[in-house]
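Each structure below appears as structure tokens.
Okay, so chain A shows up in both of these, paired with chain B first and chain C after.
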Partner chain A sequence: MAPDHGSFGLGALICALMLICPAASIRPISDAHRSAALELFVPVDGLFPSLEETYHALRTFLILGVGETSEINRATCPVVLEKLKSPSSSPKGFYDALRVNSILGCQIGSETLEDVASQLRDLIKGADSLMDFYYSVIGLLHVKGQGVSAVLSDAQGVFHSIKALSQSDGRWRFDSNNAESSTHAAGIALEALAGVVSLADGEVDQSKIGIVKHDIVKLFDSIKSYDDGTLYFHEKHIDGSEYEGPLATTASVVRGVASFAAVVSGKLNIPGDKIFGIAKFLLTIGVPGISKDFFNQIDSLSYIENNRISIPLILSLPSTVLSLTTKDQLKVEVTTVFGSAAPPLTVNLVQTSTSEVKNTPTVENQELQFDQENNIHYLDIVPLKIDIGKYTLKFEISLHDPENLNIYATGGRMQYLVFLTGYVKVDNPQIGVLDTDGESSASLVKLDFSKLDKVSLVANHLQKMRLSFQLVTPLGHTFKPHQVYIKLRHEGRVEHIFQLESSARQYKIQLDFLALLEQIYYLSGRYEIELAIGDAAMENSFLHILGHIDLTLPDPPEKVSRPPPQSVDRYSRFGPKQEILHIFRTPEKRPPKELSFTFLGFTLLPLGGFLIGLLTLGVNLKGFPSSSLPALSSILFHAGIAATLLLYGLFWLKFDLFTTLKLLGLLGVFLVFTGHRTLSYLASTSTKTKTN
Partner chain B sequence: MAKSSSSDAQALIRSLRSAYAATPTNLKIIDLYVVYAITTAVIQIVYMGIVGSFPFNSFLSGILSCVGTAVLAVCLRIQVNKENKEFKDLSPERAFADFVLCNLVLHLVIMNFLG
Partner chain C sequence: MAKPFPTLAIPLFLLSVVSLLSLRCGAFSADRPTDRRLLVLVDDLAIRSSHSLYFSTLQSRGYDLDFKLADDPSLALSRYGQYLYDGLLLFSPSVQRFGGSLDLAGILDFVDAGHDLILAADSSASDLIREIATECGVDFDEAISFQDPAALVIDHTSYAVSETEGDHTLIASDIFIESTTILGDEKIEAPVLFRGIGHSLNAANSLVLKVLSASPAAYSANPATKLSSPPSLTGSAISLVSIVQARNNARVLITGSLDMFSNRFLKSGVQKAGSSIKNEKSGNQQFLTEISKWVFHERGHLKAINVRHHKVGETNEPSIYRINDDLEYSVEIYEWSGSSWKPYVVDDVQVQFYMMSPYVLKTLSTDKKGLYSTSFKVPDVYGVFQFKVEYERLGYTSLSLSKQIPVRPFRHNEYERFITTAFPYYGASFSTMAAFFIFTVVYLYNK
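Right after this comes the complex of A and B.
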């Protein structure tokens, strides 16, 4: 699953990149790819995790011309042999082993291969799904490539069975049960059909081939495009578990179409622009980071490099930043996708356009000269009198031999973004202090940037500071850079940045200190003046300290804000912060313990007095019931009351209300019961004595 | 004049004492209980006067327990007193049961408020 997600992520990344840079330069496959291939495909003791990945690695190494295969050969050949000899191999197993073998060239006996060929022929007879047909046919094709004769007896029948799975829109289904068609399947089917045609012992019906050609044209109608002209294939219905990204789908279709075009006679009716768009899509990926994507890119480009429909010619710029100071030349390379030489042709710079400086003439229809030795088309820019800035250049290729138009695709008009840089001169810089009435040009001082003199100005809050200069390009025109700022820094700490206004001819700024008082926090003192000018097209962007100005400002009124605290050290804000002192309520003064205990004693004195009084009154317990049951009830009643009071004591000391109420409920029931018994007994005895 | 008033006061007190001696014992017990409760309350007030009322809830709790139980005792005395014609039908045992119950509830609340 991980490679599929990777392809999806890659597709999304490509999509994002497309939107950001519509005129990005594409480069053909170069040494960057070769070194990346060696880093991506790394065998462990000569073995890759599976035969499929072994094939990816070997094929990539073969196309790019890199890699050392002797160790892979030694370690993988036994695996291949085992797979071919095993009786229970599936079509995919044979397919994987045979295609690895076609590159490695292991020593496999011809009996084994013939045995495999007959097994594959049987599998083809009994196949019903597209993948079974594909693996068996391509496997048989590889067996034929090893020198063993492999002929499909019923080629027409197999062709017909594979064709039966096609849909009207040019796509194919994977098998007859599955109703959904897939573009990826179309590529596989076309490759299988091409294999069938090569393996047939006779001619395959030309009308059927014509129908397939028609299907291919229909398939190309469903091609999708990005804004910058790249074309790709993608699935219409995306099934989450089996998702193949646009790269894998496009690679599959390219393989199928190129294989089919190679074995049939006559041309396929596909415009060269579409092949060019697909090649551009594959090249703008750059260097993929996932091995499966890398293989798909390199493999499909290798099919495009030598295809019979049309071979795209890629125009690339080795350098997109040209300097007027060093009198650079505009250099352009035209090659195939793998960097091989193109046929004789001329490159025409059709148009340059820029959105910035308006009074520069745009160049039209310049033919680039050709350097045979280095295979580069070049143009001197200095005679063209183009000024510095950002330009979009449009190129067109014209082939010398009109026959080549059928073989090669030039891609029409291509545009690229180029930066022209140069040295910008600062003309007539003047700085000075003006009075309120505006004019006092006698105090304006001419600056000289080459000399590093610093000016010293003095001003108060009623005056203004004025700075003005002109910026001139190498060709003498007025230049408007991206960044023109002046910075006033107060005693190395508080900084204020102002932007200069630009008029038609010059840049100037007038700092009115009366209006700026609050912005500069009423801080008097020495301010250092710095001028910053920068642009992508400027080779000499700078930050100059012009000098300093001593400002005398009035005292700040009450409500003015303080300047923000400037950290001395950049990392000081990561250090410990000031400790926060919390203010707690001061605890109340409590009385000394002895006093409290004394009064506790005093509180208990009345109780003693009460008991003494009771004795004085002659209290007795004669009324206490004598017979057993009422006596028991009375004792329990008094015990219950004592227990309740004890419960209250515990409630104060440690219980919470819920526990207390629970226990109180139990005690209460008990008390009610015993109390009722006791008191009713007492009541009945008292009525008895009364009536008696 | 003063002499007669003081002798009047003495005569009054003597008559009160003799009348009081005639009250039944159970009412005297209840009166003694009330005096006990109020004295405890007074001592607590004196203590608060000395140290201040910082845990005010505790102070209130203590005072109200004394005062509350005194009030309940007074109610009991009213109900138990045979000379009260209103409570003729109410047996003293029933009144005592009410007294116990109310005291228990009062002291639960007091204990909760004591803190």
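Right after this comes the complex of A and C.
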């Protein structure tokens, strides 16, 4: 079985919109609707996107009595006229144009209307689907409404053709080829049938009307309901675009049934409660935000307001929160769905009950006084001696004129949830630390919430903290609020909540820290004490920081649970970070330049000494070869050595190792040859001298 | 190598189809981060009517709203690997199971792919909705039992004064997060109306933030029944509306009240208990509009382009730096304004020169036109470094840029060559060499 999600969801939605389903308070159509209508239907240069929307807007404005139509009139009438004169208009085209015209009253010649009427009559003859019948018949009805004769000659036949599409369960089919029956179609069909009856030149067969009346009763058997007596029509989800929500379906049925009831003689056998339930449904929706829904709601409510079956009277409470401090009156309004005055009646407060406090005297059968001027029934609550709290009030309406019983539906007993609020006195609040024996009450401190004094307590795990107070209602009873707890907060982080229990007319809590050691994780330190007392009926609900208590607790044993992790700081990652500068390695300390140069001088001194030594020794170069060839090789050899030493110099100055080694290699080879020549020459000359 | 064409042609064809699709839909892209197509999942299409003001503000800002029942069997977020929507609004608190192939994992994948989510629950919140919230780091207060509807947030000190609603579950809260990026430049004057279930933030999740909190006196309980044990959620631990910005910059909004989006709340006047100020209109419209701008990336979306670095005095980006080089780093940062990229001007963008830990962390200076630059000396440590910009600010998408760059030590010939301190050694060497030269001559030719 596929669950009917649509209706379930709507139920949830309505529950969400209203506070508590069983005692939902409904209000008649008010100014909120009027201002919403003007916001929803906004013409652009007097024009709406389509004629259908124009009708929705105009009809809504008409019912609510708002909106300026002259500009719409000026802009839309040409469109209407064009549509009516166009030979190619569909039944829907005529229908839309005619119903817009029925509100605007454009200047349309009677010939045009007669022409349209004859075209519509032709369309009716050729029609085979429900929508075609509907558009044509209603179109013709609007022509008649303009004062042009638009009699349907074959009313019996048309009535029969439309009736032929009905199903045994009271629903209708859209056309004969489509087996799917629809509640939405039933509403359309009934409206069409009502049209046929009023267009007929003679009487329509009463037996046929009787059958339709019976169908309507069966249709109402399929009505769906919520727990609180709200009734509505809803279709199973049909594929495709034909799906209409509960609001559109209900509106369609309401229109159909109300129009049918208006034209036939005799009364339809529908209980007033059902009409009441539907009205309740339509009002529960509140202010729809979609123009079509808005139109459906307002239009169907206007049918309900004026229907011949029974007119629902809505009992509503302008205020369900009544303060005993300001001596509010219990006020009840009884109006029709559009807020117009009801016939003379009396409202009775049948019963007052509360689930919270058993011993409160429940009020029974109080008649509310009537304020003619403001059309309000009222009752002073103070003389009733009802204490603050949440009450379910049951009301009953009794109409003065017994004839009205058949005209109006009052919905029987109605329940409302009412809050009586007042000022609750906190008496004798005391806080203190007790020793284990619980006797030494000397340390109990009286608290004064009106002052900013904070207590500061000191305790160890062998002691107890005690807090007690009394709560007294304006009538002197003990009050038990919904919210009453104390919070101990350890250094702003770990929180512990303790509910306060009431006993013997007072609230008392005794925190035995020895027993709580595990629960508070053996955390010593400062705990802030917060007391929260609040209730819906309490006008002075509060949250006070009473002060703090310094706890000295033993060290936790090993296997004790740790306090829960505290939530991470979510904001720490936002915001710039501290700048970081790299600290470079400091260069090694060097001696001053002067010192280096001094030592450079010192290193050069031995060279000087060496030269001076040579000069003192009286060296000579007499051994230098005198013949040309050995002299050349000697010069080259020493030039080579000098070049090698110079190369070392260059290596220091700019060359790298590779260049140096390359050049050194070349010089080396050169030196080997020249050195060999020079040294061998020197050797031969020295042997010569020896032999000589 | 027989038929190279068909294998090539198919991806090409797909590519062109995809690009056509994305062109047609004006899809989410890096250049235009604002969402366009939103899927609204509802329990009942009547929400379209009862919440129409909120939807029409979205539509008037250019969003394409697609309403579907949450159990619609044709439900799908993606087709052929392409997401059909940029954002998802879950206005279906009581849905037990989504229609079609959509499930919890599907929703999470959608967010993981960088798409945005608005989740609104109420007291009828199903396990599925609660699970989605839990995955986002938010724990809704649990229902105690099936018969007992979920606990509502009750606040006896900062409720909205109402003639018809006396149980103080209609909260008027004005404890907002302090961020103009999230809530707009204009201060929200009127309190925001809230009725629904409270939630707490997962202690281990650092990405989720409270946007609207309950007052310290609030608690979460069922107003119709007497409290048998202390409430599990109390005080400021209760979050009414929370946001998450995931690491991939997907944004999520979670609230325990579907009603706060309704026309009734949007239009309703509000007077907070204990305050004499009667606001003509609740703050809901402004709050929800502004926060939806944030969620759908109309605000607070940054992009960084043209990350450049080079040696001082040069313009080309080197492939390697030497220690102790002086370098310049610059990046351009722009903020999406909903329609165009505007220069982002602040003074707290920082760059890190990072290897295992930051060696240099420096605030960039701005030219007020979106360009941020700075210069610094490469540290005297060699290795593979990164230029890192980790920019996380409340309400902004996070920027995480990193560019790898190696740093080498001095080459052998890059050291100092003529050190004065060494001159005595040089002097000694060269004087020895000169003496050697003289000695060779003298030794060989002396007679």
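Everything below uses one rule, namely that the second predicted complex is superposed on the first by the 478 of 692 C-alpha atoms of A that agree within 3 Å, B and C clash if a C-alpha of one lies under 4 Å from a C-alpha of the other, contacts with A are read in each partner's own complex, and residues count from 1 in each chain.
As a convention for this text, a contact is a pair of C-beta atoms (placed from the backbone, for glycine too) under 8 Å apart; a residue touches a chain by one contact, two chains touch by 3 or more.
The model shown is predicted, which means the values in this text are computed figures rather than measured ones.
Chemist: Just checking: does A:S541 make contact with chain B only, chain C only, both, or neither of them? Give me first, second, both or neither.
Modeler: A:S541 sits against chain C, while chain B stays out of touch.
Chemist: Check whether A:P591 is in contact with chain B, with chain C, with both or with neither, and answer first, second, both or neither.
Modeler: both
Chemist: Where does A:F599 make contact in the superposed view: on chain B (first), on chain C (second), on both, or on neither?
Modeler: both
Chemist: Touching A:G675, do we find chain B (first), chain C (second), both, or neither?
Modeler: first
Chemist: Who does A:L607 touch here: chain B (first), chain C (second), both, or neither?
Modeler: Both: A:L607 reaches chain B and chain C.
Chemist: Let me test your reading of the model: by the given contact rule, A:F574 touches which partner, first (chain B), second (chain C), both or neither?
Modeler: After superposing on A, A:F574 lies in contact with chain C but is clear of chain B.
Chemist: With both complexes overlaid on chain A, does A:S30 touch chain B (first), chain C (second), both or neither?
Modeler: After superposition on chain A, A:S30 lies in contact with neither partner.
Chemist: In the superposed model, does chain B or chain C contact more residues of chain A?
Modeler: When the residues of chain A touched by each partner are counted, C comes out ahead.
Chemist: Just to be sure I read the superposition right, which of the two partners does A:F651 touch: chain B = first, chain C = second, or both, or neither?
Modeler: Touch status of A:F651: first partner only.
Chemist: Classify the contacts of A:Q510 with the two partner chains as first (chain B alone), second (chain C alone), both, or neither.
Modeler: Touch partners of A:Q510: none, neither chain B nor chain C.
Chemist: Can you list the residues of chain A that touch chain B in one structure and chain C in the other?
Modeler: 590-591, 596, 599, 602-603, 606-607, 610, 614, 619, 641, 645, 648-649, 652, 682
Chemist: Over in the complex, which chain C residues touch chain A? Could you list them?
Modeler: Those residues of chain C that touch chain A are 42-53, 56, 69, 71, 92-94, 122-124, 154-157, 162-169, 201, 203-209, 216-217, 219, 221, 223-224, 226-227, 229-231, 234-235, 237, 258-259, 262-264, 267, 324, 348, 350, 352-353, 358-363, 377, 379-381, 392-394, 413, 419-442, 444-447.
Chemist: Per the contact definition, I'd like the list of chain A residues that touch chain C in the complex.
Modeler: Contact set of chain A toward chain C: 5-6, 8-10, 12-13, 15-17, 19-20, 25, 32, 245-247, 285-290, 293, 317-321, 356, 390, 417-419, 421, 482-483, 485, 487, 495, 497-499, 530, 532, 534-538, 541-543, 564-568, 570-571, 573-582, 584-585, 590-591, 593, 596-597, 599-604, 606-607, 610-611, 614, 619-624, 634, 638, 641-642, 645, 648-649, 652, 656, 678, 682.
Chemist: Under the stated contact criterion, what part of chain B meets chain A in this complex?
Modeler: For this pair, the touching residues of chain B are 25, 28-29, 32-33, 35-36, 39-40, 43-44, 47, 50-52, 54, 91-94, 96-97, 100, 104, 107-108, 111-112, 114.
Chemist: Please name which positions on chain A make contact with chain B in the complex.
Modeler: 588-591, 595-596, 599, 602-603, 605-607, 609-610, 613-614, 617-619, 641, 644-645, 648-649, 651-652, 657, 660, 664, 668, 671, 675-676, 679-680, 682-683, 686
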